[in-house]
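What follows is a set of structures to go through.
Both complexes shown next keep chain A, but they swap its partner, so chain B is in the first and chain C is in the second.
On to the complex of A and B.
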């Protein structure tokens, strides 16, 4: 009898679509309907709010052409190299600052306050140093992602369980062994978190630099769509870019999350 | 080493940091003067320092500073009103929170500033493009922090309100809101930082408005020392802005 009641309760508690999903669907449908009405009303300038059909076909058009993938590859390559340079430098400097309190007291406050300043203003300098090609975009991305990574790694290193360090010392591990066997494995979580933050700002730095001055890459395509006033194409590119950026961010975050579960 | 000796050593650290910076700049100056570094790519630090007064006097920097500060302030007021209201609304209606919290968190990680060409089309090449960009890019952290502050109000405080038979409105204004205030201010501080970054960035990109546009103008004139000086100036202003926000936050939450 008790079993039957429980089964009934479970059936009542788990309807086919939960209220949360229903509300989500309602919000999305309302937004889309509002958008379509606004597009049809002609209240705003022509094409500022294009119809959903136009945006949908622009997304399809974008994804079916090789040109988009070529530019996506260029931007992804720039971001990848930027993350490699900025990330490696960030991890190394972060390790040095985290391991040595004197260095941290001497230099970390500069990095802490420089971290949130707008990096894109360095772009004129990067153009002079690295030219107008992909080099300056890579440099922008590297400078942007360096700061969150270095601060996250330095903070992470200071939070390592002292017992682990003592274990390393009692095994007479040398510096390289300590880094390889103790510090890096114990800091996987803050490093992944730093890389996630770094990836976000590095992506913004690279793409903004592309919108300012370039002849290839996603940023260039966006600003080209603006110059040609091709609004459906611009919306399509922003939608695809947002989906990609949020997806990559969630993926890296998931890696960090999984890691913490394993450690626990 | 005794604790006192260690403390004395650490107290020297900021001085060592500052000295290293000075030595670095002197080294750069020397390398440029002996021709190892091209002075048409990196101007000598002495020239940059000398051009500070020129940039301040000739480029109407006070007006530009006021313009950027006004844009930041406007975005900040809008952020506070809409961000806190959004957080309160999501806390009040649990279903709304369950439905939208992940969306807001996703927006926080999205490269929102790349929408600036879209904003240019909607608002034109005006201060409103810049303000709205700062506002939209900085809204998610304010909403999320408000929600976090309200949700993490201590159970015992809520129970005190219940035992006094407070109405829902009294419960909110006397218990929930004051308890969440420190976290809400953290959100507003983060929001203002994001707003400043985006506002200066968009000013630079669309070459309109205050301090960001100044860097672009000087770079386009190939005034190298001026460009470097203006970048240093903007960084200095941003750092002072962050420091004063931190001070204000500490002043608002003295017991933590």
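On to the complex of A and C.
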């Protein structure tokens, strides 16, 4: 009797939690269980795989101290300024390349070559120019996010429906009106997409630079925990960073998404 | 007939346009075309595809330079887009990111009209094209015919002296086209709007025009100008009348020759391409 009741319940609950969700949960549970087993087994050297309890308490410890928030603020500030500089430059250069065939023919292939190059190779130069502090991190982030944004904006500009430009011209819009009322709104999808990609690589550029050489920021804290072999703390920071990155990406995606709903 | 009694508002004199094409070398798109339009008149320019009528549209709208000849509005020679000429394009041309009201208010926004005033004006023209109730919708939510009406209202909102339309209903089905034709006729009569319509559709041209200018296939020349003496106000019902049928037959006789020349030309070109490939 009890058996049938359980089966019925499961059948009713199934549509609410689909097979995909169940599988996802199963994967996470399996990974966590495997991790915990590995931690308990003692096969690996000391804290290389700390127990989940240790990581959990390290997360709590992290979030209760002001030091973490200060460094988080430093990193967020660096990324923000980097995105502002790299993004503005990217949009402006992208507009110029999109508008002018000659410029785009002359320069765009360089951008395509430089785009996929790991920007971290410029880090030593950035340190010489901007010092060990946040300046060099901002420069790294800005250089990183410039490329996807400029290429995306230039391509977006060339894809604008030409008739909309003829409409603007026929109503005698001036250059500023054309940019503000036709080009930019017509390109909002490629621009948002470019900024999304730019944010991703900007984040990577900044954090990578911080882990290489710095005195502040999340990357610095991670490397510090690593060199002190405080593994629970290091994992705790990775987890928090992971959650933050997902949150930021969802936020930017939402900005683009809302827009496309309105467009219908 | 308004044609002969008053001074023409739009005068097009001896327009010549040449293009360099990669396949056929230099092509004469428009060959010595002259026309004039009187205030309040409805003139259609009809011709087979490839007769250069869209080129003529761009020349008159000031969007194409590098031609010989002269276009003048109320005595003033134009060089570039002119405030007196409002263009409606063949292609889908509404701004998808703007609501119907904001689309129609676009030209008013450009001249810096205050917001409440331009919204009021936009609503007036939205009502004129019969789209009241859709003010806050986006083009993506409307049908093709409705979007073309938004484009028409947007151009009318700029209150042009001359409404210049390039096959505005070409992408629509025949029924929608006839009904929209009624709308245009009614608006044209209400506003006494001087209108120049570029089209390849004989029914459309006869239904709406005071005069029809028939163009030849490449090079595009004026073949004939036909006066349409049908009573006004007109509606699409006139399509069934005997006089209407006679005009259609007469213009088709002119056009048929040109269209078949165009078809032959296409065939030779295709054959030439095939030969070049084999």
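Worth pointing out:
The rule we apply is simple: the second predicted complex is superposed on the first by the 247 of 264 C-alpha atoms of A that agree within 3 Å, B and C clash if a C-alpha of one lies under 4 Å from a C-alpha of the other, contacts with A are read in each partner's own complex, and residues count from 1 in each chain.
Heads up, the rule we're going with is that contacts are C-beta pairs under 8 Å (C-beta built on N, C-alpha and C of every residue); 3 or more make two chains touch, one makes a residue touch a chain.
Remember, it's a predicted structure, so these values are computed and weren't measured experimentally.
By the document's definition of touching, of the two partners only chain B reaches A:231; chain C does not.
By the touch criterion defined above, A:254 reaches neither chain B nor chain C. Judged by the touch definition given at the top, the superposed model places A:122 against chain B, while chain C stays out of reach.
Of the two partner chains placed by the overlay, neither chain B nor chain C lies in contact with A:158. In the superposed model, A:23 makes contact with chain B only, not with chain C.
Once chain A of one complex is fitted onto chain A of the other, the partner contacts of A:177 are limited to chain C, with no touch recorded for chain B. Counting the residues of chain A that each partner touches, chain B and chain C differ, and the larger count belongs to B.
After overlaying the two complexes on the shared chain, residue contacts for A:208 are found with chain B alone; chain C is out of touch. Note for the complex: chain A touches chain C at residues 161, 163-164, 166-167, 169-173, 177, 181-182, 185-186, 188, 262-264. Only residues 61-63, 80-81, 83, 85-87, 89, 91-93, 95-98, 106-107, 109-110, 138, 140-141, 158 of chain C touch chain A when the two sit together in their complex. For chain A in complex with chain B, the touching residues are 19-20, 23-24, 27, 44-45, 48, 101-107, 109-110, 113-114, 116-118, 120-125, 127-129, 200, 203-204, 207-208, 211-212, 219, 222-223, 225-226, 229, 231, 234-235, 238, 241-242, 245-246, 249-250. Note for the complex: chain B touches chain A at residues 9-10, 13-14, 16-17, 20-21, 41-42, 95-96, 98-100, 106, 109-111, 113-118, 120-122, 193, 196-198, 200-201, 204-205, 212, 215-216, 219, 224, 227-228, 231, 234-235, 238-239, 242-243.
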